[in-house]
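There are two complexes below, and they share subunit A, which is joined by subunit B in the first and by subunit C in the second.
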Partner chain A sequence: MRVTCVRPIRVAGALAAALLLLAADPGLAQEALALTPEYGHFPLIGARGAIWIAAQVHLMFAAFVLGVPMFAVVVEAVGIFGGDRRYDRLAKEFTRLLLIAYSATAIWGAALVFALATLYPRFWAYLTAIFAPSMWIYAGLFFLESFTLYLYYYGWERWKEGIAKKMHWGLGILLNVWGTIVMFIANSWLTFMMSPPAQVTADTAPQTVRLWSAIANATWMPINIHRIIANVVFGGAIVGAYAAYRFLAARTDEERAHYDWMGYIGNFIAIGALIVLPFAGYYLGREIYEFNQQMGITMMGGFMSWLWIIQAFLIGILFLTGNYYLWVGMGRIPGAERFTPYIKWLLIVLVIGTIVWATPHTMIASRREIAAMGGTHHPFLGVLGVMSAKNTAVNFMILTTFLSFLLYRRANKRPVIGWARTGTLVQGAAFALAAGIVLFYGIYGYFVSAIVRIGFSVYQVLAVLACILVVITLDVVMLRGATSRGAIRWGQMPERSQYALFILAVTFTWLMGLMGFARSGIRQHWHVFEVIRDTSPQAFTPALGPAATMISVCVLIFFGLVAVIFWLGGLAEKPIVIPAAAGTAVDLGPAATAGD
Partner chain B sequence: MLRTNLKILLTVIGTLAVYTAVANMIPQVQSEVPEETAIGADVTPEQLVVIGQELYEGAGGCTACHGLGTRAPDLLGVIGQVCGERREGLDCKEYIFQSLTEPSAFVVEGFQPIMPDLRRTLSEPQIWALVAFLQSQGGPVTVTAADIPRAELSAPGELAIADGGGAAAADAAVTDPVELLRTNACFACHQLGEEGVALGPTFETIGTRDTEYIRRSILRPNADTAQGFEAVAGTMPANFGDQLTAAQLETIVRFLSSQR
Partner chain C sequence: MSRFRSYLSHPFWGSLLVLVFSYLGLKFGIGYLLPAVGVHSAPVPSSVLLQYMLTVFVAILLYVSTDEERWRAFKQPIRDVMVDPARRTMRAVLLVAFPVLAGFVTYGRVRAEVGAPPSLRSIHPAPPNDLTFRGERIRLTSLQNPLRESGLLEERVRTGGRLYVQNCVPCHGDRLDGEGPAAHALNPVPADFTDNGSISQLTESYVFWRIAKGGPGLPVEGAPWNSAMPVWEDILTADEIWSVILFIYERSGSRPRTWEEAEGTGEGDEG
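And now, the complex of A and B:
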């Protein structure tokens, strides 16, 4: 197949002509599309490298500006309805970070569009021929979203009391509505590339594709849901990193206490939402298999199979680092020392869980590897690499993290109700029962067929979720009116804990890049899967090593820019620190966000 | 603050360096764009088998499931023997063709219907080449150019074989287990029927040992020494792991396991 690569200016000219014709006459447009050069040229890193960086960095900023408003509006509501002004200040500080991040999102979005129009002109003309109306709606909504954000932020002090405050909160909700619709529209373009409707073939003229059928494709809604949750995780992690930076730069104890608290909340949001994310991931994966089994197999068992081992390794690090932050944080909570002896056991479970989860099993192995292993599976580790073991490990890790959080939450509280001991025993029994169910089905899974075994993971997940629900409900009731063993000493946190927040933010960001590579890479040599073939010299899908290098470059660019945003965030306004009332019966700080 | 900023920078770069290094340390598998294969009107069954094997191990994506023992039935060395008896009214090549193009028409017991319709990714001549290759796994190849619709065929004499064509590819294409034992000089020491020398353990009853043992004995011949053959211990070459393709290894293991 002939591949044409030309300079961006000529490409832009041809593309503009094609788009004009497209608007004028669909028949002529088909011919114009054929006249449009296929690919442009980008120096040094090539066209695909340029698109990769522009898209990835834009997505990182987009995730941040979509995730933060979600929890900013929740935190503002806690402030309004709980009567604690600290939350209101915190919500405003979250929002302040958004202002500059919005500009960065728009700049990288424009860079991505220019790159697509000049480097992949024919493909871009194809997409615009189908999606043009939605692109105009997107632009309009982006304007509304930006305007709402400015109103939301700059009206914070003006509308701070009574009904005006509630209307201000309404603006926050509106901001989320615009942002979510904008994301849904953009998601339709990329999911169309993954899973075009069955009636769209290589011979289908793009003008004849119905817009709604292109938007509501097989993976659209699963990606929407997955991204909403992932954006919250990501936003929480970046806010955590911001708080860590400000904690380390703080000059007063009050400032340090404030950012310590903010870092805790960021971490809580990130880890809390992360626990839910795998369920959205399963839904997306199932829909990919439903759409095209070959694509699903390529993703999970084909050339990408090693990617999931790296993913397991990264999530293991997230669990370990998130828990480490909680354990270190217990040092500033009076009464937490009674739980210290248990931490080593929690650590052991997490480490074993990570090792099991990251054990390779069904991999494409080379002859040399098969020779070294003595077969297609490793003689010993192969036993741990199967889904029975991995599901068991993941569920134990979730239970352990939940237990860490529970210990943290209860550290400085003394229940006053008469049945506290019985309640704690019931909580312990709920943990034991959930762990028993997870372990039972984990072992039983080795003795049944694959079809039966797959169903076991549902029982395991349900057992863990039921345990979380029962234990947290009991905890809330048991700790009502509890006396304090002493107020949390916010700000008295070792510096190393703040570096853990940086590791969390970097890991979440890198993981996002990795999953983006997986989602995009399963299309392999197709721009639109099995409809428009990538005929450029870079049509191959790179191995994990080069992809990882590219992801790291994107993460570095992102964090370089984020550092500027953090710095500007510090310049813009000093936080108004409202210290928690020391010595109160129960410190509402973290507990209030934890379900009280 | 400069010191703090430096520590933050080191934390970020260090974390990224670890992840990048780990991802570069694991096996690197790049997904190539499939070669366009043109099959001429004068293609022979042998050529179809060679093309079919290339597709089986490459663009067809078959090895993502077949041969792993869990997701899909193992085919190598076996399917050619059983394909004619799987479905009433369908001979071997009809059955295999149907399995590739209408995979849900018949699903082997114990497995899920996850097999994709290969017409979405392969041309009909390519699918027939796959049928020929699968027939060669334990059975006679009956697919000919006459099975392939003429409109799908290229001009006579045009035959593009994916990389590694020629003699080397032909060697890699050998999948008949006895032929593999022959070409790898196994009969220089082992006996099967009237062929070979009984210097090492006979292949006649080797299937009484478990499959793992047989595989290990091929890949690491010095790991165990069969009783009664201590005198010749260490004489078996240890390079079969590098010499055989994974598919060939499994074909031999399966074949020897069936010798009881």
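And now, the complex of A and C:
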């Protein structure tokens, strides 16, 4: 197929004509598509580079504006139903960040649409021929979402008591409903490109594709679920970074205390949601494999497999950093001293977990090293390169992180119930049992075939989740009415701890771009997998180096803009710092428990 | 002795010791000590060693900085060297030594070498969705081993064994462990079918593709490939290839991956 590259204005004109033809008579659709030039040209970075940046930065802002309302509305509910106004203030401050980020999302979204229409006009005409109705619904919902957001934020002070407050909270829920539907619609477009329905072939006229079958494709729901959770993680991390920035810039102790607390909540949300994210990712990977073996192998065992090593390393950083923040935070909690000797053991488990998870099966080695190993698999360390070892490592890291959180949570509390010691022993037994199950199946996995081994990861995950559920339930019951060993000294946090929050935000953002590249890259030289072939000069899948450079550029653009948003967030309104009410015990993690 | 103990318990010197011991353990323990006590091992490639040491280094920094007092004590020797007038000589030595060390490491990294550059290789490349076998187009994603349904399985396995001995033993070995007489003339060495990371991770259709198309049939993406596997469709019929596949699974005690049972769960090599 001949590659056609023309100037954007001509492309836009031809595209408009094609769309008019499409609207006027579906019978002319094929001709209209044929009239549309294939590709436009973008200076310096090329068409694909331009699309990549526009889509990636748009996605980062979109993830932020979809994730933050989810926990803003939960935090507002804690404020309403728990009677602690600090949470109401916090929810409002979260929402204030949304206002500015929302504009950035829309601007980058528009840039993406213009780039698609001018740089990939024929492909864009194809997509619009299938998805046009959903695009109009998307636009309508986007309008509703914007209106609801403004009403939600600007009505905060007006509707702050009684039934009006609850209706205001209802607006927050509505904001989430609109946002989620908008995301689901956009997800249907991109997942159609990955996993079009089986009946859609290269010869299928786009007008004959039923809209619902295109939307409800094989990877649509897995992506929806994965992105909902990932958005919460991402939103929490960015909010944490904002709090860190404001903490470092704070001029008074009150401000410092407020942003220390806000940073803690951001970290809690990000790490809490991160714990369940791998399970959603596993579900997505499984559906990709089931849709197409080639895609699955390209992603996990083929040339994309090295991405997973980088991912493992970055997630190792996230676990280490998230735990570090909790450990440093224990320095401001009276009573935490009794737990600090355990930190080194927790760290050792995390370090071993990171090392195991990031050990490649096929190693990068010189000729001499390969000859010494007898191949690219190391004879001793090679056992760490397979999924049995990696699943075991990540489950241990999740258990360790949960234990860190538990120690933090219990640091300044003294249970008053009679069976506290027995309860703690049961909790210890639950940890030991879960660790035993994870280790047993991790080792046993080496002695069975792949089909059986895959099932073991489910048992490992269930053991960890059951442990978390049992331990946290017991903990909540045991600490009911607990006395305090002293108030948490919010604000008395060393400055280096705040950089941990920055690292979390940057690492999450980088990971998002990296794994987005994996998801998109497994289509290889197809715009729509096995339906529309990419015939542009950039049809090749980039190697990891250039891809990582491009993703890093996107991360820099995003954080450059986020820095402006943080600065504007500080200009817009000073937060009203509300001191903790004595005796309030709303339980959103340790921050709000008795004694702070 | 007590002075030595106080050095060990000092955060800075203790950390330095952990770092040095980690390096020695990873570099010499895995590479040389384990083989000395009979454990099959080899030196850790420098890329992996760097990755491990970086993790250990970061972990040490995290540990010493979780506690304010420990962090201050850790920084004290560094601070002394930087500002203490009594340490002027050491400061001067370090000011020279560090740039020299950095220059030496940089030189080691960038200097031209005679050897061929390292190459990354995917052990399980992604198969195509379709393949043409002796002019017949086959959909690989839905392809099953037809001999499993045809009865006379034992006879088929025997046929596969005979074909394996005739054609495959020189490279893959009579124990299917990739240790055939010609194996070490090849780089990379042939696949070890007894390893549970090889054929037990693959569907039979995948193995059929790899045998039928051999090294030359490897996909364009991820090239350049490096495989000495011949194109067996020029030599064996489809039924003969399927027989060999039955044999290698049977003899190695592996079970082929089946999408029905595994429901397409993603599992891979991770690099």
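One rule holds in what follows: the second predicted complex is superposed on the first by the 567 of 596 C-alpha atoms of A that agree within 3 Å, B and C clash if a C-alpha of one lies under 4 Å from a C-alpha of the other, contacts with A are read in each partner's own complex, and residues count from 1 in each chain.
The rule is short, and it goes like this: contacts are C-beta pairs under 8 Å (C-beta built on N, C-alpha and C of every residue); 3 or more make two chains touch, one makes a residue touch a chain.
On a predicted model such as this, the values are computed, not experimentally measured, just so you know.
Taken together through their common subunit A, the two structures put subunit B and subunit C in a clash. Once chain A of one complex is fitted onto chain A of the other, the partner contacts of A:Ala539 are limited to subunit B, with no touch recorded for subunit C.
When the two complexes are overlaid on their common chain A, residue A:Gln293 makes contact with subunit B and with subunit C alike. With both structures placed on the common chain, the touch criterion links A:Tyr446 to subunit C but leaves subunit B unconnected. Of the two partners subunit B and subunit C, it is C that touches the larger number of subunit A residues. By the document's definition of touching, of the two partners only subunit C reaches A:Leu347; subunit B does not.
By the touch criterion defined above, A:Ala429 lies against neither subunit B nor subunit C after alignment on the C-alpha atoms of chain A. Within the superposed three-chain model, A:Ala547 lies in touch with subunit B and out of touch with subunit C [touch as defined at top]. Of the two partner chains placed by the overlay, subunit B and subunit C both lie in contact with A:Phe313.
Look at A:Ala139: by the touch rule set out above, it reaches neither subunit B nor subunit C. Legend: residue contacts after superposition of the two complexes on their common chain; A:Trp510 is shown touching subunit B, with no touch to subunit C.
Residues 289, 292-294, 296-298, 301-303, 306, 309, 313, 362-370, 372, 374-377, 379, 449-451, 524, 530, 541 of subunit A lie at the contact with subunit B in one complex and at the contact with subunit C in the other. Across the complex, subunit B meets subunit A through its residues 1, 4, 7-8, 11-13, 15-17, 19-20, 22-24, 26-34, 61, 63-65, 67-71, 110-112, 114-116, 120-121, 212, 215-216, 219-220, 240-242, 244-246, 249-250.
Of all residues in subunit C, only 30, 34, 39-48, 51-52, 55-56, 58-59, 62-63, 65-68, 71, 115-116, 118, 120-129, 140-141, 187-189, 196-197, 200-201, 203, 206, 221-222, 254-255, 257-259, 261-271 touch subunit A in the complex they form.
Remark: subunit A residues 245, 248-249, 289, 292-294, 296-298, 301-303, 306, 309-310, 313-314, 362-372, 374-377, 379, 449-451, 499, 502-503, 506-507, 510, 521, 524-525, 530, 534, 539-545, 547-549, 551-552, 555-556, 559 touch subunit B in the complex.
Interface of subunit A with subunit C (complex): residues 282, 285-303, 305-306, 308-309, 312-313, 316-317, 320, 324, 327-328, 331, 340, 343-344, 347, 350-351, 354-355, 358-370, 372-381, 385-387, 390, 446-451, 453-454, 494, 496, 524, 530, 541.
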